[in-house]
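As written, the chain order gives the labels A, B, C and D, with residue 1 at the start of each chain.
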Amino acid sequence: MRYLTDDPIDPRALVERVMRKSDGAYVLFEGVVRNHHEGKAVESIFYDAYRPMAEKEMETIVRDIEQQYPDVALAVLHRLGHLLVGDSSIAIVAASPHRAEAFAACRLMIDRIKQTVPIWKKERGPDGEEWVGWQGQC
Amino acid sequence: MRYLTDDPIDPRALVERVMRKSDGAYVLFEGVVRNHHEGKAVESIFYDAYRPMAEKEMETIVRDIEQQYPDVALAVLHRLGHLLVGDSSIAIVAASPHRAEAFAACRLMIDRIKQTVPIWKKERGPDGEEWVGWQGQC
Amino acid sequence: MKVRLLLFAVLRDIIGRAEDELALDDGATARDVWQSLRARHPELRGYAEPPMTAINESYAAPDTRLREGDELAFIPPVAGG
Amino acid sequence: MKVRLLLFAVLRDIIGRAEDELALDDGATARDVWQSLRARHPELRGYAEPPMTAINESYAAPDTRLREGDELAFIPPVAGG
C-alpha cells in the first residue's frame, strides 16, 4: 500500500520523500484525532477503508493535483485502524518551488480526499460509538 | 529569543509546543533554501536580522492572526546565519480544531512575515552574492 | 450471474458480514441489490436511494447493469482525513 | 542631540559599519539622516527616498522628528521567510 498504513505516520519521512533541491517550501497537513466532534466527547476513532479502491482514488487525486500544479510534488499517507486522541490520521506534504502552489495543492488534496476516498470512521466516546456521516445522510 | 534562532529548526518541537487535545489538524509551513532564485543558481544564503525589532514584529503578527482566528494556536521560528541548499529557514505551525482556519492562519503568517519583519537575505552562488530585494527597490 | 458484494463501515455492522456472494438475474443493477438489502434489514428502510456505488473499485451509477464476476460495493458517506 | 544609528544587510555592507553614534541638530528627522548618508556614499545616490524607517524598534514615518537617545534604523527591503 502506497497511501494507506496500519502504523503510526512519520511525517518527516513523507517530507524527505518529496523534497527536491529546487523546492523553496513545503506545506505539511496533519489530521489529528481530537477530543470532540459536533459537541460530543471523543476518546478514540476506528478508521475503515475499501483499501484497493481507496489506493486508486488517492492515486487519481494525486495525479489530478500534480497536473493542476505541475511544480508541486505530493505525498500522502492515511492511517487505518484504532487511533487515540492526539494520533495523526493523515499526513499530506506538498513541496514546491513557491509557497502559493504548495498551500493550494495541500489544501485541495485534503478537501478531495474527504469527498471521495472510501475511508470511514467510527467515533467512540463516553456516549457510545457512531459511524460519522451515516445518520440520515446516506 | 522566541521567534529567531541561530540553530537548525526542529519543526516537531514547534508542533508539540502548540497542539492541544481539541485540535483536529495542524498545518506546518517550512521555507527551505532552494538552489535557484529568479533564474540564478544559489549555493547558500546568509540571513541577517534586526533581532529585537524582528522579535517584536513577529509577536505583533502572531497576536493579530490569533485574534483574527481565535481557535488557532501559532508557533513560528526563523533561522538566521549561514544556510545551505535544503536547510530550513523558517517553520510556522498553525494548529486548530478545523483545517480551514489552520491553512488560512499559516498562509497569512508567512505572507505577513515576508512583508514587515526586518530580516534580510544575501544569496550566494557561482555568479557572486547579492542582498535580495535591494536593487532599485529601496 | 454471480456478483461479489463488499460491505464496509456502517453497512458491515448492519448486515453483519464483510462480503457476500450474490446470485442475480441477468440485467440486475446495483439499485436492485440495494432494494433487496433494504427488504431484509429494517435499519436500511429509510434509505430509498442507494449510497454511492462502486463497481470493480470505481464509482458507478447505481443503475449500471452488473456483469458476471463484478465486485460491487456500497460506499456510505466517506469520512477520511 | 545624540541618536544611535543601526545598519543592517546591504546598508551595513555599503556604509561599512554596524552602528554609528550621530550628533544631530534638534528637529532632525530620519530623512535628514538618510540624506547625509547619501551625500557620503555614492552607492546610495540613486535612492532619494529613504527605505522603511524604524525608530526604537518600531516602524515610523521618515519625517518623524528624532529625539535624544533614539535608536534609528533604516530597513532595506525585507526578505525573511
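Everything that follows uses one rule, which is that a contact is a pair of C-beta atoms (placed from the backbone, for glycine too) under 8 Å apart; a residue touches a chain by one contact, two chains touch by 3 or more.
This structure is a prediction, so every number in the text was calculated from the model and none was measured.
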Count of contact steps on the shortest path from subunit A to subunit C: 1
Inter-chain centre distance, subunit B versus subunit C - centres from mean C-alpha coordinates, in Å: 49
Distance between the centres, which are taken as Cα means, of subunit D and subunit C, whole angstrom: 74
Centre distance in Å when subunit A and subunit B are each reduced to the mean of their C-alpha atoms: 24
For subunit A, residues that touch 2 or more chains besides their own: 31, 110
Graph class of chain-chain contacts, one of line, ring, star, complete, other: line
Chains that touch, pairwise: A-B, A-C, B-D
Residue ranges of subunit D touching subunit B (in the complex, touch as defined): 6, 8-10, 12-13, 46-47, 49, 51, 54, 57-59, 73, 75-81
Subunit B-facing residues of subunit A, complex: 11-12, 15, 19, 21-36, 85-86, 97, 99, 102-103, 106-107, 110
Complex contacts: residues of subunit B adjacent to subunit D: 31, 47-50, 52-54, 56, 78, 89-90, 110, 113-122, 131-134, 136-138
